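Each of the next two complexes has chain A plus one more chain, namely chain B in the first and chain C in the second.
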Partner chain A sequence: MKTYRIECVSTAESPITHMSGTAGNEAIVAREPVQTPRGVAWVPFLSGNALRHRAVREPGVLWLIEQYGLRGKLSLAQLNFLLHGGNLTESTAHENTRRIAEMHRLWPLLRLCGGTLPNQILAGSLDVWRGILVCEENRQHFPGCDSLLPAAEWLSGYQYTRGDGRKLGIAETSKVFGDDGPSNLMIFSGQSVIRGARFYHGFLAKHATEIELGALLWSLQLWQHAGGTIGGQAARGHGRLRCELLAGDWDQAACVEAYRDYALAQRDEAVAWLRDCWK
Partner chain B sequence: MSTRPLPELDAEAFRRRLAGFDKPTDAPSLPPEEIRQQAIRFVAALPLVFGDTLDRTTLWDRIASALETAYAKSVTDRDLFITAVLEHIKAEPTKAVNCEPLQGIMLAEWTQADSEAWMRYLATHRLAVLVHAKSAWEGAKTERKTRRKARESQQTIASFVPPEGDQ
Partner chain C sequence: MLVVTAYLASPLAGDAPYLDALLEFEMAQRLGVASRLRRDRPLPTESIHIPILRRAMGSVRHIPCCSAPICEQRSEWRENFAKRLGVEHAGLLSDKQRLVVATGNATYKSYRLPLVVRDVPRIRWFCEGHRRPVLQLLRSVHSIGHKRSQGYGRVARWEAEMADGDYWWFAPSEAGPVLMRALPWCDNLPSRLQGYRRSFGACIAPMWHPERYMEIVVPC
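Moving on to the complex of A and B:
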């Protein structure tokens, strides 16, 4: 066991719309305050929470659901536990160390991500760093990078339209010629971080085995294979990140292969453990 | 399922990827404030060549749309960008070639990165540049008026010849 530090640089291959809310009718990108020599600046970022879910938990768990034949056989509570970490719903929580140990053995990905059973919190061992935009305001994180553009240079906007079928003239005649009901036309817009922007982020797998490292790397591969999306508007081509790693002291292919073989070998016991948690 | 391993970069390649370019010389050489000032100077010069066939009361609206249109036509070619602006405001060629402030910008020896940064600034800060340019233009007009009045005053004094007998 050792602690693995996985550093990443992800380049935006389509507009990134990781949003924090709206101002008027315009969606606003998520920003965080950063201290600069000129005072506090508000700079776009990617939350560790979003990266944790989209890049690690979701792709890895979906693969397990398929491999373990669990599609259509999970309760909503079980699905939420696997995909979103679950919820503490019972009033008397307790700690079942045997259950924790079994989870670590049978579900390496969940040892990393953790979760919450109805009556027990299962701590995860994975730290997920937030994604820092490579820009002038974040210069302190990038020594040796002399020419950094200000964050404002990495922002733009988008505007899309939802149309109105009325124009086609193929609805019921009365609806076409007589109905003055509300238009379906809707314009929606927002801010986005532009293509070519780069984010520095990473993961710290604490006291992890090579199998658990393999689980993390496999999740990242699956994430990239499915488009590497983060944030919203993926249905409209937004959110694609191309992720590259700083080379480390691991054999990526070997770790992934070892994890896949291990996970498949644990299938029956892993499924039994899951069912046992909701007895 | 067939996926690919994530690309792994050594430390130097990782640093360069973070920095965002493979050739450090591709960055603009002009400091941001210089780019801003050059943008304002350019727009402040446009009233000098604004077409006579256009309604002068639409001066700044027309210049604003000229900048927007020009950037839609060219984001890399400075000459093409300036040509598009001048055509949009119906500048007469004679006025354009004789306009010293415009010459200063068109003949400036900028790198490609400088030119693109300048055009990009005009596109992204269009309204702010217009405000500053109008202020500069009004200041220049006031100065020209002051100088003209001073010249006229001197000519009046010089042309005053006291009648004979008063000397």
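Moving on to the complex of A and C:
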């Protein structure tokens, strides 16, 4: 077991709209204050929480659900646990160390991501870093880069329209809006980080085995294969990231293959563990 | 005096820990006793050995000679972290489980919670300890504060260097000694103590255990 540090640079292949809120009808991209020689600048970033779910937990767990034949067989609590970490709902919490040890053995991905059973917290071992925009304001994180554009150069906006269904001539307008009713057209807009922007981020798998490292790497591959999206407006093509892993002292293909083989070999026991948690 | 510095590579959520508490937790994990330290159980009678000097004040023994964290804070703001039930995956549910789910309350309530976050490039602690063992223990501390799994409080590097003075409990000032860490409220405190307020809590790790609670003074 060792601590693996996986560093990545992800390049935006479509506008990134990782929002922090709205101002009227406009979506505001998430920003953080960065101290610069010219004062505080608010620079877009990607939250670790979002990366943790979209890049690691969701793709990895969905693959396991398919491989373990659990599609159409999960309870709501099991779905919530696997995909979102679950909730602590019982008042008498206790520590079932055997259950924890079995989870570590049977579900390497969950050992990384952790979760919560109704009466017990299962701590994870994965730290997901936030994504730092590669720009002039964040120069302190990229000492070897000569020329960096300011963050403002990487920002733009978008505007879309939700059409008025009446104009299609399909709906019976007299029953819905009336002939002189208000238009149903809605314009919505927001800020976005433009294509070509790069984000530096990473993962720290603490005291992990090669199998668990393989689980993380496999999740990242699945995430990329499904478009590598982060943030909102993915249905309109936003949020695509092309993730490149910086060099590390591991054989990625071997780790991934070892994890896949291991996960498939644990299928029956893993499913039995899951069912046992909600007896 | 040893000056330990943590250089952070990401914003800090919550408060920075006491260095002695951090070292005790790391040592407890190495000794295999961390899982036995629980709120509902009495603490072991022997304190966990850390490479920091301990002294007594009043009737309280084994108080580490280590200051509270000193944060060089540049700005403070609020971020949010959110969670929602992914109903787009409803097809994964068994037929009997495809129910109407309340997401405004109860178990599957969606939330978007605020988190106060600070831009703290450096955190310093003054202590009386051994440099090499302290750095060895800190080598496995990659992040501090709250929500570390989401990337907050990431430590870029640890540094420890020797310096003159002994500011781990009190720092000198013209008005009188300035309190530098939580200490027991007792008659042994300096008479002209500055920069403190009374509180009820712990001054020895583990700070969260009820057995450690007592009348204390904390820096303010």
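We take it that the second predicted complex is superposed on the first by the 269 of 279 C-alpha atoms of A that agree within 3 Å, B and C clash if a C-alpha of one lies under 4 Å from a C-alpha of the other, contacts with A are read in each partner's own complex, and residues count from 1 in each chain.
Everything below uses one rule, namely that a residue touches a chain if its C-beta (ideal position, glycine included) is under 8 Å from a C-beta of that chain, and two chains touch if they have at least 3 such contacts.
This one's a predicted model, so the numbers in the text were calculated from it and none came from an experiment.
In the superposition on chain A, A:246 makes contact with chain B only, not with chain C.
After overlaying the two complexes on the shared chain, residue contacts for A:7 are found with chain B alone; chain C is out of touch.
Using the contact criterion defined above for the overlaid structures, shared-chain residue A:262 touches neither chain B nor chain C, since it reaches no partner. Looking at the shared chain after the overlay, A:134 reaches chain B, while chain C stays out of its contact range. Contacts of A:142 after superposition on the shared chain: chain B is touched, whereas chain C is not. Set side by side, chain B and chain C differ in how many residues of chain A they touch, and the one touching more is C. When the shared chain is aligned, chain C comes close enough to touch A:52, but chain B does not. Legend: residue contacts after superposition of the two complexes on their common chain; A:107 is shown touching neither chain B nor chain C. Contact residues on chain A toward chain B in their complex (touch as defined above): 7, 9, 11, 63, 134, 142, 144-148, 150, 152-153, 196, 198, 200, 217, 220-222, 224-225, 243-248, 252-253, 256.
On chain A, the positions that touch chain C within their shared complex are 3, 20, 30, 32-35, 40, 47-49, 51-52, 58, 62, 65, 70-77, 79-80, 83-85, 87, 89, 95, 97, 114, 124, 126-130, 141, 201, 204, 206.
For chain B in complex with chain A, the residues that touch the partner chain are 1, 3-11, 14-15, 17-21, 24, 27, 32, 120, 124. Considering their complex, residues 9-11, 35, 74-75, 77, 79-86, 89, 91-95, 97, 99, 101, 107-108, 117, 119, 121, 140, 142-143, 147-152, 154 of chain C touch chain A.
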